[in-house]
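Below are two complexes that have subunit A in common, paired first with subunit B and then with subunit C.
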Partner chain A sequence: MKLKQKKSSTYISGLPWVLPALIFLIIIIYYSIFYTFELSTLDWNGLDPLRKSVGMANFTKMFKDKVFWRCLKNTVVYFAITFVIQNTLGFLFAAILHSQVKLPTVHKCIIFIPYILAPATMAPVFRLMFSPQGMLQSFFDTLHLGITVNWLANPNTALYVLMGIAIWEFTGMSFILYYAAMSQVDREVLEAARIDGAGNLRTLIYMVAPHCKGTTISLAMLGIIGALKTFDIPYLITTGGPNHATEFLGTYIYRQGIRQSHLGYAAALSVTLLVLAVIGALATNYANKGD
Partner chain B sequence: MFELRSRKSKILMQLLLLLMTIPYVLPLVQMVLGSLGGRGLYNYKAVWDTGVVPTYFRNSAIIAFGVILLVYFFSMTAGFGFAKLYIRKKEVYFWLILLAMTLPEVILLTPLFVTFQKLHMFNTLFAVILPSAALQIPFATLLVRDFDEGIPSELMEAARIDGANIWQVFTSVILPMTKPIASSIIVLTLVSAWNAYLLPLLFLQDPQLQVVTLLPQYFQGEFTNDQTKILAAAVLTAIPEIIAYLLMQKNFEKGMSAGALK
Partner chain C sequence: MKKILALVLTLALTMAMLAGCGSSAPAATTAAAEPVTGNATSGEVVWWGWTPGSPTNEAYIAEFNKLYPDIKVTWKQTTIDDYDAALKPALANGQGVDAFEVSAGSANGGIAVFGGQAIDLEPAVKAALGDDWKDKLSESSVATMTVDGVLKGLGVGTVYAGNLWINQDLFDKYNVKIPTNMEEWKQACETFEANGIIGFVQGAGQGAFNMDTYHAICDNVQPGVFTKAARGEAEWTDPALVRGLELWKSLFDEGIMQEGALGLMQYPEANNLFMSQKAAMVMMGSWYTSNTLPDTMKAAIESASSTAEPFTMIPINFPDIAGTGNVGSMFGDLDYATAVSAKSENLEAATTFAVWLGTSQEGQQTIADSLNVVPSLKSATPNWDVVKLVNPEKQNAAVQEYLANATSGGDNPRFAAINADLNQAMMDVLAGVASGTMTAADGAAHLQEVSVDSRS
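Then we have the complex of A and B:
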């Protein structure tokens, strides 16, 4: 018995197995993070041999920057709305496709294909679709509704169009994770609930949804990080405009750092973004443990 | 999940599913319709005749292949170590890897730009492959760890008693069992590498090194706002991705259900 314990694989050190990945990440990711921290205390354009140290000035500038607060507001609104709609849709799709409907694979593929298509590929399509030349306009025209589709150029509607596009893109991910979680639901328990007289909707809300709670929390974590990271969709479709209406931290960092060479200021924004993402990840992880 | 007894309720459910799915097809319809506007299929010929399409595809394929290889190696070894082996202060190492998941690529741009220029790696495919892989490794490691935890340790111990060393256990016991999660990782990594836009945009300036996500921009320059041809290029970029997904769809779904986030 003792011999067997000694031979047990759990006593083999796992460190050599974990270190390759960790070292790789340290070289690329952690190096960049430390570099960004250093940059955030500088006033530097990337070319000048003189790198002027300015302490915390970039951060005080940031807190007074209206566009920075606009980015944060956009991120919060974007997260709240896309999270609710996208996961409700994903959950419903998963429940319906677990209910012996016809052509399940066709529907699964259609829902998931938006996720695999590059935002860069789809950006020209969406710019056309939500412009007066697109098919939405022709649709409204045939109905004689007198609506002009120019929603991406309007600061009041552009952000909502982008949210719709994000929901279109990411429902597939919510769907596939809920679908996986639901295949582990015990059918007999559902059956028993039905014999006791619970209807479809009640079973779904009181039995299936609680079972998927872990998935919902994971999706919340991915959603928070994803919302903070948002770049491709606003950059490619509206470049953050009109008038910063669809500006996110990612697009603003790009604007400040790459376009205008304010490397120090962009780094301060990056540090803030990173801190927010880590707080978001830790908070959702805490919620997960609070079960 | 829904129990549908009557014929009527079955039809209603099917109808609801159809109505919910339609919005997901519309942008694709717009893409195809738009690409056929003006001179129809000739748009595709014009795009193909520029001769750049195969080059862009080749570069994207090389990048995707390199990223998948790195992600597969690092996530399989690390996931196994975390799930099945003894590590002091395991949580610390695990969190160090997971925290990297929160990093947006826009933060990497300046540090890597400066470094790659110093190392003469700027304008090489490595400048895109290495950071893309690094950004994918955390999530992949998380998926593999969760999956490996479900593999019974007795299987490993039996192999150990038969005299296999830990590397042999890994290659002959663990790896064959991880196929479902491996296909999920391959699909997810392929998608993110093929769709990468920002890193190639900045780190690949050589026209010979451009990738598919930069095609729309190239054609915007080439055909000055001829939307139809830009959309034809978009369709050409989308097709291989859709085919690759359809081929792997079954395995991908199996991996997601087996290793699904807990």
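Then we have the complex of A and C:
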């Protein structure tokens, strides 16, 4: 009983310290979430005084909306491919740079620089690069390869171009996290593995990779949330096209909420995005705990 | 216990306060108690918009300040794509917006969305032009800005589309015949391609311009059917409109549309290719006329990263690709109008500016001579003694005839009859049909479905 009272007292005495942050959090985040929930039950353009309540109709509409399902499919494909490739590359680069390579700082910078470049700055460069009149086409023409670069115009290839750009951009982030995780691996464990006859590959797969599991799960969580929030790269490079081939929830919410003034429907999509992000975070958290 | 109670109460109060903010009172959507007539001679006005862009807007303001030196107007420009996103919270907040640009139909700044935030401008126009004000302004500038019987914006100028612009110098250099039908268009493109130049360029990744091309094709197949369908008076599954989709697809299949068109934006990419003389033809409307002015064209060429000298560009009819003989159709609506925010603290000054820009002879003459849009005031026409084109010998007659044809096109709106849902559906269908992921018949059926749904 006494212990309980002490705990309660500690809890209350700590409250004033967290209260400003708590209020800030409530105002900025939780209120916005509740407000978005409220909006999702309305048929409203965001400006009219008339806000028509439609209950759950926006959610019903969403499940019948082919573009919504296209967004989800794109998100899953985008996450699966970018997660595997960028983390494999990040892991390998980190391993290589933990060995004796020349000019390690230069290499680290080269790998990390794409991550700090703003997508808005790079988007025109990529549009130019992948244009049929662009530099990649000129390069192929010089080599007489007979390849026509119209990949952004093709619904079957545009998404893969965006994935390539995302991998180029985010591999630096994976690399940095894996590099830090590998720094924590006990050297004696690695030496013991060597003495037992393990080669580079075996050591990497069976000794180093398990030590980096926490990092991989963190990257998976960031990757899931990042894929769900994907906006800048498709918006700036393909604007979600052609014909929604590169549409993601983020771009579709913007299209519905701003371009088409269906604020209620955009809010319903946002609520769904939030639910999916929470499920993704919980799933990766569960995977981490299951170890 | 008391502390917990205090905390809970604080949180509850915070939430209640915020909830109060959220369910805001109805916006001031109707006119102020006293009719606003725009009789101010001093004040400050913040004018939001996306077009025609600096420094032209500042030039308009400079002209305005010759008459109203004590009204300070500040031009706040956003990109065309960001306009709605930026303006909505600004208008909802009621701060920092006095006058703002609006457009007809489903384009950005659509009057259907933003009209609720604007005051009634009819008393001000009556005060400026008299009771017969409607006769003095173009029909489209009044009709498209009237929402539920209230004049919500004052049209500045109209733009028309339905034609191509060609680089006459390139046509002369390679001895290419100006195309009048599908075969000649194809032949022209092939000749240019053989000389390392794109024949026809379109940024088909930017849907609004695809709609222009489709509209032109439909008017070629059967004049008026597109507008009827847009108004719900005909079905999108009408054979003429399905034929239009098939012809649209054939532009890609026949090699008229350049390689990778669906991945290209009309602005800046297609525009830059034309302005840097890497493409010989482009689907642009009357707003492109300003590029026949040497200074404007020079700026456009420099924006396209080219150092070439201004060239001779002329407008031509959309080729008769349907083989019907129906050519020369032009469709248009207001490019932009000026609305006055109902929440503005400078209603009179903002109205004075809007009225000057949209109805005064001085303001509209400035608009006319810029050749950017066709002025709303009927009495304001380009002063051809003052306006000097790049190549007057080849351009003067062509441009004058073109503008005369555009303004006499009759009731054929560009976007005004198309709501936002239909607009999006049309962009989707045109991209789908062009890329081969949708048949013309399926596309037409989808348009009809959306058309019905969006009207119900």
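In this text, the second predicted complex is superposed on the first by the 272 of 291 C-alpha atoms of A that agree within 3 Å, B and C clash if a C-alpha of one lies under 4 Å from a C-alpha of the other, contacts with A are read in each partner's own complex, and residues count from 1 in each chain.
Just so it is clear, contacts are C-beta pairs under 8 Å (C-beta built on N, C-alpha and C of every residue); 3 or more make two chains touch, one makes a residue touch a chain.
Just so we're clear, the structure is a prediction, and the values are computed from it rather than from any experiment.
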After lining up the shared chain so the two structures overlap, which partner does A:I85 touch, if you call subunit B first and subunit C second: first, second, both or neither?
neither
Partner chain in contact with A:A287 - subunit B first, subunit C second, else both or neither
neither
Just to be sure I read the superposition right, which of the two partners does A:N150 touch: subunit B = first, subunit C = second, or both, or neither?
second
Scan A:A57 for contacts with subunit B and subunit C and give back first, second, both or neither.
neither
Return first, second, both or neither, reflecting whether A:Y31 touches subunit B, subunit C, both chains, or no partner chain.
both
In the superposed arrangement, which partner chain does A:S99 touch: subunit B (first), subunit C (second), both, or neither?
first
Does subunit B (first) or subunit C (second) touch A:V77, or do both, or does neither?
neither
Looking only at subunit A, is it subunit B or subunit C that touches more of its residues?
B
Of the partners subunit B and subunit C, which touch A:A209 in the superposed model: first, second, both, neither?
neither
Of the partners subunit B and subunit C, which touch A:L47 in the superposed model: first, second, both, neither?
second
In subunit A, both subunit B and subunit C touch residues 12, 15, 31, 35, 46, 133, 254, 258
What part of subunit A is in contact with subunit B in the complex they form?
4, 7-18, 20-22, 24-25, 28-33, 35-36, 39, 46, 89, 92-102, 105, 107-126, 128-129, 133-135, 168, 171, 176-177, 179-185, 190, 194, 200, 203-204, 208, 214-215, 218, 225, 228-229, 231-232, 235-236, 249-250, 253-254, 257-258, 263, 266-267, 270, 273-274, 277-278, 280-281
Subunit A partner contacts - residues on subunit B that touch it in the complex:
1-4, 10, 13-14, 16-17, 20-21, 23-31, 33-34, 70, 73-75, 77-78, 80-82, 84-87, 90, 93, 96-112, 114-115, 130-131, 133-135, 137-138, 141, 153, 156-157, 160-161, 166, 169, 187, 191, 194-195, 197-198, 202, 212-216, 220, 227, 230-231, 234, 237-238, 241-242, 245-246, 249, 253, 256-257, 260-262
In the complex, the residues of subunit C that touch subunit A are 3-4, 7, 10-11, 14-15, 18, 22, 26-27, 29, 84-85, 88, 91-92, 110, 113-114, 116-117, 198, 204-206, 258-265, 269, 273, 278, 420-421, 424, 428, 431-432, 434-435, 437-438
Subunit C-facing residues of subunit A, complex:
12, 15, 19, 23, 26-27, 31, 35, 38, 45-49, 127, 130-133, 148-155, 158, 238-239, 241-244, 254-255, 258-261
